[in-house]
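Please find the structures below.
Shared between the two complexes below is subunit A, which pairs with subunit B and subunit C, respectively.
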Partner chain A sequence: MRRIIIDADKCKACKNCSVACMRAHAPEGVTFSLSDPQFESRNTILQDGEKQYKPLFCRHCAKPSCANACVSGALAKDPNTGHVLYNPDICAKCFMCVMNCPFGVLKPDRLTNTYVVKCDFCAADGSEPNCVANCPSKAIYVKEVE
Partner chain B sequence: MKHVIIGSGAAGISAAKTLREKSTQDEIIILSADEFVYSRCMLHQFISGERQTEVLSFIPDDFLEKNNIEFRPNIAVTGIDTVNQMVKFDGGSESYDRLLIATGAKSAFPQIVGLRDTKNVYGLRDLEDARAIRDKATQSNNIVIIGAGLVGLDAAYGLLEIGKTSTIIEMSNAILSTNLDLHAASTYHIKFEEAGCAFHLGMKVKRVLSNASGEIEAIVTDHDERIACDLLIVATGVHPTLDFLSDSGIKTNRGITVNEYLATSAPNVYAAGDVTGLSESWPSAVQQGEIAALNMLGIETAHPDTFLPKNTIHFFGVPSLSIGQFIPEAGDTKDSREDRMRYQKVILRDGIPVGVILQGDISRSGFWQQLILNKVDVTSMPKSIWKVSFADSYHIDENGEYYWTMSV
Partner chain C sequence: MTERFSCTACCSADKPLEKFISNLSMETSFHRVESQEVKCEFGLEGVCCRLCANGPCRITPDSPLGVCGANADVMVTRNFLRAVSAGSGCYIHIVENTVRNLKNTALAKGTLKGLNALERLCNVFDISGGDVYEKAANVADAVLADLYKPDFEKMELTKKLAYEPRLKRWEELGILPGGAKSEVFSGTVKSSTNLNSDPVDMLLHCLRLGISTGLYGLLLTNLLNDIMLGEPEIRIAPVGLRVIDPDYINIMITGHQHSMIATLQDRLADDDVIQKAKAVGAKGFKLVGCTCVGQDLQLRGAHYTNVFDGHGGNNFTSEIILATGAIDAVLTDFNCTLPGIEPICDNLKIKQICIDSISKKANAELVDFSFDARTATTECILDEVVVAYTARRDNVPLNLLPDHGNDTTLTGISEVSLKAFLGDTWQPLIELIAGGQIKGLAAVVGCSNLTGGGHDVLTVEMTKELIARDILVLSAGCSSGGLENCGLMSPEAAELAGPKLKAICQQLGIPPVLNFGPCLAIGRLEMVATEIAAALGVDLPQLPLVLSAPQWLEEQALADGAFGLALGLPLHLGVPPFVTGSPIAVQVLCEDMKSLTGGHVLINGDATESAVLLEDIILQKREALGLA
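Our next item is the complex of A and B:
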């Protein structure tokens, strides 16, 4: 499967990845604004105790704890691409996935708490994920992995 | 090899999926008491009308067919012959090479005078319960729910969505007392009351009264208070579904007794999920189903002996999560903070978190469970406990996957 590989040492926390993600997932017809809370990034950049930057991106895990915790089948691993995709239409909004993502990647949407903010690998675009395309320091890149 | 699975809940389906992933040839048969595969965690959304039966499933429509799994609905298993390796049910029997018992649990009704013989009294565990409640509720004016745990409040919440308020009787002095501390529970208590529900806490139901047709008319509390009632929902807990095992010789305690490989006392018979009494939530039933399946295939896999109570709660747009212990024991320390929108509390034992409650904002909080399971000393870190995250144990393997190490 294709995965976004992270080279944390190269991350300068410019957050171009986050802005790209927010823009890529903007609802159609809505003017993009960084200050509008309805635009949310699926990725984020954390800091450890030594202030080192640690990019937090959905891994589309081989054994996805989020999908295992899903009571509705809204989260499921695509057998063809290996990506863990989310269907908001059948989601029960219980947020068991949020609690069970071992790395703390998932979150409910900020404004309504009615859906899960989840990386979709920009699957609809069919090209490189927007975060990767916009990383100027090559801290993230796509690679075919087992 | 022929695998028979009894039950089509989280554990049974997860086992079938794992069996098929690991073996393309083996025969897989699911004997289910249900008419189709559905998620018990969403029945309140069926009551509310938010979800119809066709979207109660938790598997893709083509799952059974694509994986060549034979699904037999409406099968009431009556016994297991462990010598001849046969499952017996009304109208037939089925032989097995490996058997998985994943029959789950059913509503446990308390000992209340008159309860069993009275009409319009339901648990909330199966689709037929939810159907009956939905049908009755539209004509009911005095709905009473016994139990203010998650199931009881799910029922109350679903009923509010169709414009019906309930009176909720709870024997402990707080709602959601197995999930939340008083402070976090009060958030929901107030919201349910504002929506028109009434709570009677610290009370038990002593008797139920019925009319000439045998329909429920009122309940009487142990405070001798009479509360009118035309629909009673009993949500006082569950017990493992194992009555059909009585003549099988398979050992049981509270649930089916299993070893670390989820094998029962009978050869080639395994158990997983609520029927073992060892699964505390949906993901743990899924995990048990998977582990049992691996062992059924001869791939020896031990079940981790971690039992960590955990749940998420989401009513009125306010999400909460609760993991582990939320009441400090002697010697523990507590750290908490709150603002207008959020409440957060962690219990620490020698610097290691043993429990956490988060309410209002549960964003990116999944790492908490790992801090508890991996016994991470958070107080030795050079940052506030509220800033701790996966960044403080950041590891990436050669395939680009994150992982936790057992000590930090």
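Our next item is the complex of A and C:
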């Protein structure tokens, strides 16, 4: 199973990962704009009290708290890839997943509050996630794990 | 007005101001800090280059060179030189307009309020003339001729303005500047794509820009303004948001070009203009000081107490002053005019007027200043402001903070007024320093920023630590705005000083932090330092004097800093100027500079640690001079 591994010490907070994610998940037919709130990133970079960068990415956890809390089955772990995937069509919008994510990485969408902004590992692209492909300092990388 | 803004406002050393901001229902810079908190380290270290289409290139362990082959040292010093050139350009623009105004005033035989300043410059420049107007025109011509020289012709007045030992060192280093405008041009060209790749050459160019900025952009702008607008006179004045009187039509001023509002300033006191205000229900017009031009007005405030009530605050206080609702128009002649004032002005129906196209704001009306049309444009501005006042005052709620600031700030301090205060000699100050009652001098200058712990936080806290160590602090720039609003420029602040400095302050009735006014007055501080050094027969780097721009903000501050380094002074900064990605830049600025000019850069963002470092330098310099 492939996972995004974070090496926080290498992060420079250039936010290339966030921009790449916004582009990869851009609504069809909408011109990309960094100031348009409908473009949202599934990852973010915070700073701790020591001013150390803390890149936050969906961990696609082995025991995903988000999926376990999901009452509608919109969040479920793919047994083949191990990725926790989200189906907005059956989402009940209870946001218990947001409440339960231990990393605080899940969030309701900014404009309508009707769906969850969730990493899909850029599975549709078939290659490595766009965030990883665009990191200049190799602070995030994909690794095969058990 | 935007509905989405952070509830967590950036803190300020000015606690009443901080509380006021946290209760505001509109967004300011203080509210945007949080959302911009995570910074890109490539940018912070200066190792992001976007000078060509192959970029942006960034330096990492796996990519130590840009596509063109530029390493971190080239990227950093190129970026740094670009910034210093732009900062110098800002100041040279200011002195160019100022000296043109002096020339035009002289030709029109207009009012010259500072004849002593004129006489002084004539002596320095060895210039004569039949009457004061001819002298002033001749002074202006000499300055203009220098500003417009090509970069391969050295400016002539540099030799008359510079302190002899400094001049000698600068000649040895080959950093005497050519024409000030041309030096900005060369710095820009030198740092363009695939040109200069010599980090040391580019850093030396920064020193050259520092000299032209310091002696012309800073020092001369003060003196040329003094000739036209009057010399500073020491007095006690009110500061802070309390200076805003809602019974008047209030014009907030931002910028650096005092001479461009001279006509307006004089007109506001005229009876027919006061009647114009009374006709719409106000008592008259008032100028509310903000940013450095506000400091300039405060400094020369003795000459027009009837139209200038006081200085409201520094650069990042501008949005707050407007948010009170009692300002009817913003008159902008230059920076520091934040884009953030625009939505506030729109929301509160505040008229924005720019009088220099260089600083044109998006929603402002441009009434470009021209000396010949000054009377007509002044009337036009007055009419616009009256229209704004009538349209807005009954429809905009007031949110005043009448207790903010204080009425006891000592202002009007200059190299002339301070010396006069001491009995027309620096000897008393020199004796206090020699005797150890004053351990040394710290020039705490520059801007305010919203890093370094928040608005004015490092500036104020470090200054408190310095005065507690019996170090007399002199301030010029937006740092002054914060220090005065926090009460450190009031005589009562003597209580915060160390025992020796406190006793002197109480004896003389002065605060332990002396307010020289705008950032331009860094040039006045240079004159004070030079006169003291001359009296002692030493060079500037030998003085127990340190320079600090704890909360430098902008490119102009970097040009000021380059001046400080050229003068051979230790220069403390709270945050690094985007150079830490280059080992060569760090080595030259922090170490090798000591053997070049005598100065060096030291970086520390902690108030106590910074004060200890600066005190140590002062003690070392005292020891070298044989002072106990």
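Rule of thumb we're sticking to: the second predicted complex is superposed on the first by the 146 of 146 C-alpha atoms of A that agree within 3 Å, B and C clash if a C-alpha of one lies under 4 Å from a C-alpha of the other, contacts with A are read in each partner's own complex, and residues count from 1 in each chain.
What we mean here is this: contacts are C-beta pairs under 8 Å (C-beta built on N, C-alpha and C of every residue); 3 or more make two chains touch, one makes a residue touch a chain.
Please read these numbers as outputs of a predicted model, since none were measured by experiment.
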In the superposed arrangement, does A:P136 touch subunit B (first), subunit C (second), both or neither? second
If you stack the two complexes on chain A, which partner ends up touching A:F32: first (subunit B), second (subunit C), both, or neither? neither
Quick one: classify A:C94 as touching subunit B (first), subunit C (second), both or neither. first
May I ask you to decide whether A:Q47 touches subunit B, subunit C, both, or neither, giving the answer as first, second, both or neither? both
According to the stated criteria, A:K15 is in contact with first (subunit B), second (subunit C), both, or neither; which is it? second
Would you check which partner chain A:A76 touches, where first means subunit B only, second means subunit C only, and both and neither mean what they say? first
If we overlay the two complexes on their shared chain A, which of subunit B and subunit C does A:I4 touch? Say first, second, both or neither. first
Contact breadth on subunit A, by residue count: subunit C or subunit B: B
Following superposition on chain A, which residues of subunit A contact subunit B and also contact subunit C? 46-47
Quick one: which bits of subunit A touch subunit B in the complex? Just the residue numbers, please. 3-6, 8, 44, 46-50, 52, 54, 56, 59, 61-62, 65, 68-73, 76, 90, 92-96, 98-108, 110, 112-114, 143, 145-146
Mind pulling up the subunit B residues that touch subunit A in the complex? 10, 14, 39, 41-42, 45, 55, 57-60, 281-283, 286-287, 310, 312, 314, 317-319, 321, 323, 362-370, 381-383, 389-392, 394, 396, 399-402, 404
Quick one: which bits of subunit C touch subunit A in the complex? Just the residue numbers, please. 37-43, 58, 60, 62-63
Residue numbers on subunit A that touch subunit C, as the complex places them: 12-15, 45-47, 53, 136-138
